[in-house]
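Reviewing the structure listed below.
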Amino acid sequence: MLFGILVNEGPYQHQASDSAYLFAKAAIEEGHKIFRVFFYHDGVNNGTRLATPPQDDRHIPNRWSELAAEHEIDLVLCVAAAQRRGMVDPDEMKRNKKDADNIAEKFRISGLGQLIEAGVQTERLITFGD
Amino acid sequence: MLFGILVNEGPYQHQASDSAYLFAKAAIEEGHKIFRVFFYHDGVNNGTRLATPPQDDRHIPNRWSELAAEHEIDLVLCVAAAQRRGMVDPDEMKRNKKDADNIAEKFRISGLGQLIEAGVQTERLITFGD
Amino acid sequence: MLHTVNKSPFEKNSLETCLRLIDESSSILLIEDGVYGALKNTSVSDSVINAQKTTKIYVLGPDLKARGLDKSSLISNIEVIDYKGFVNLTIENEKIQNWL
Amino acid sequence: MLHTVNKSPFEKNSLETCLRLIDESSSILLIEDGVYGALKNTSVSDSVINAQKTTKIYVLGPDLKARGLDKSSLISNIEVIDYKGFVNLTIENEKIQNWL
Amino acid sequence: MEEELESGVVKKFLYINRRAPHGTVYAHEALEVVLIGAAFEQDVSLAFIDDGVFQLKKDQDTSEINTKNFSKIFSALEMYDVEKLYVEKESLELRGLTEDDLSVDVKVIDSAEMKKLITDSEVIFNF
Amino acid sequence: MEEELESGVVKKFLYINRRAPHGTVYAHEALEVVLIGAAFEQDVSLAFIDDGVFQLKKDQDTSEINTKNFSKIFSALEMYDVEKLYVEKESLELRGLTEDDLSVDVKVIDSAEMKKLITDSEVIFNF
């Protein structure tokens, strides 16, 4: 089965990103495929590479990067939500004349069309949010 | 009157940061003083300099920076919350071996003691959150 | 004591808990989505009217206006104030409790 | 259709609305703070028991355990499942509705 | 985007709006999804339930809180061929509102009809 | 920090906890404030109201959701001289809980007493 996942909250503040991750992992273990995880609203904050959680705590952004690397999952941050909240990749950095970017590995920034596409192309779209 | 303000949510997702800003501005216009604005939980995300909101929208982080510059307000991001969420100043960048920082002007990162101190030293502490 | 409530009473229990736990000498200021608690003819209007016997209720005008509401939409005797009025309430009352 | 609810029924109206708007052939999975809706002897237990006449209710075990609860705390006939069971529910049901 | 248009798959999309405007960004950012989604030529419906009905309240004016008054977008939805707006009657009534309080033409339906609308949809978005 | 200790100001701090644990971080990060605040030698009380009572539920085990089990910190609060924990009776009852379900010693008080606790406080934190 082909899944799309929508994550609407940032890391640590709400359980949404944790639940989405554990769901994605379980789906993969059951032999299914995650077509795309789309991060919207504060969800875009999951894509930062600047987080340093306590050593005895889970590293939410890294965990997504690793899962994506291992299972070829497309991790997309909504560009409009990312711009409002200060999530920047090298292209956005140049375009908006910023002096740094902060996106983590395996995440990319793209438009809301990618979310609609996930709704059209996948067999199940599931949302985790507040 | 001396005020302390606690902001518990990030920019744009919740009205909290907008309300806190309008309250602070009105308090200053009425001749009062803001001792400190402490940003906790997702509130730390107000301190990013990488945001590019649409041109016809308010720029929440810049608005805080400007108010602080004009009226000598201490803007403090909680260090523990900031580390979890990827808000980094040059010191934190070095300490945690990151390759970029993203803090906006006039914001600084410090400990939760600064919040307690605001509770002790101010005459009124008001919280804006979700 | 000044109590603020920023949540819609139809979505969350913040106003309900505030009304259960406020002292008689308190005032309540409804802000953000909390302003919906000031509407007349709703499922929570009666409990707000009942609270008015002992509690003065205010609503933040800018938040009311943003939501397409005005004084004519509200329960009687709820006072509409601006941010300046909000600041003054926090000064008149020695303590503040924010129900989130 | 599979309906998920992730909010405490004591804090927010998500479960209440879900119960009002689900079709008879639906299943409900309680996750995150939504698991509190499965507790017995609470102010919402009766409405959940009533819904069980037509709706199968599941609760996510890892979230239940995190909150210090187990099967003995729950209303009868609520099934505790793990993330693998969660995935299987989304496959058995053709559609998903997430009440946030 | 073209890829989808070419794929010819048309699904029944339902956007469920259950939150008040302005207190959080969900209502506003949900509308951005609807606008982008309109280009994909799917079968789109919007449902307003619970505090979501407040999104459609007439006369919203955000000038004093300096945020965007996105409520104006609702009246533009028709130009994007998004024309099926459903409002739950029970949600309106509990909030002391009537159809006259709303800024756009909608279809007011009861809970039983809303239940059917949800059941008949294929992809549901909740923000 | 020393500055405050030297200032000698002692205020009545009240932390009001109204949220369930784990679904959001508020309960956990509130506890971090309590721990840091303990060093400031203020007069500290904690109130558990509404879903906040769930924070004190016994036997929490977060191993299967991979988050921190901060509920263990409650039993350590005594070492920090944080000893006044108040739980609202009505909140427990609505949730089918009794004092036996809780992991630490608390004082269960009714709404009237909770009202007085709030009124008598000087600085109140809500997260």
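We just call them A, B, C, D, E and F in the order they show up, numbering each chain from 1.
The working rule: contacts are C-beta pairs under 8 Å (C-beta built on N, C-alpha and C of every residue); 3 or more make two chains touch, one makes a residue touch a chain.
Since this is a predicted model, take the numbers as computed values, not measurements.
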Lowest number of touching-chain links that must be crossed from chain B to chain D: 2
Each chain counted as touching chain A and chain F at once: B, D
Most distant chain from chain B, judged by the mean position of its C-alpha atoms: D
Same-residue or different-residue interface between chain A and chain B, half as cut-off: same
Most distant chain from chain E by Cα centroid: F
Distance from the mean Cα position of chain F to that of chain D, given in whole angstrom: 28
Chain B and chain E, separation of their C-alpha mean positions in angstrom: 33
Approximate Å spacing (C-alpha centroids) for the pair chain E, chain F: 40
Centroid distance [mean C-alpha coordinates] between chain B and chain A, Å: 25
Shared interface positions of chain F, touching two or more other chains: 22-25, 50, 65, 67, 124, 126-127
In chain B, residues with contacts to at least two other chains: 8, 12-13, 15, 19, 22, 41, 57, 80, 125, 127, 129-130
Residue list for chain D, restricted to those that touch at least two other chains: 6, 10-11, 13, 32-33, 62-63, 82, 96, 98, 100
Pairs of chains found to touch, sorted by chain label: A-B, A-D, A-E, A-F, B-C, B-E, B-F, C-D, C-E, C-F, D-E, D-F
Sites on chain A touched by chain F in the complex: 12-15, 18-19, 22, 56-58, 130
Residues of chain B defined as touching chain A within the complex: 10-13, 41-42, 45, 48-54, 57, 61, 80, 83-88, 92, 96, 98, 100-102
Complex contacts: residues of chain D adjacent to chain C: 10-13
In the complex, chain D residues that touch chain A: 4, 6, 31-33, 62-63, 82-84, 86-88, 90-91, 96, 98, 100
Residues of chain F touching chain D in the complex: 19-24, 50-51, 54, 57-65, 67, 69, 71, 94-96, 101, 103
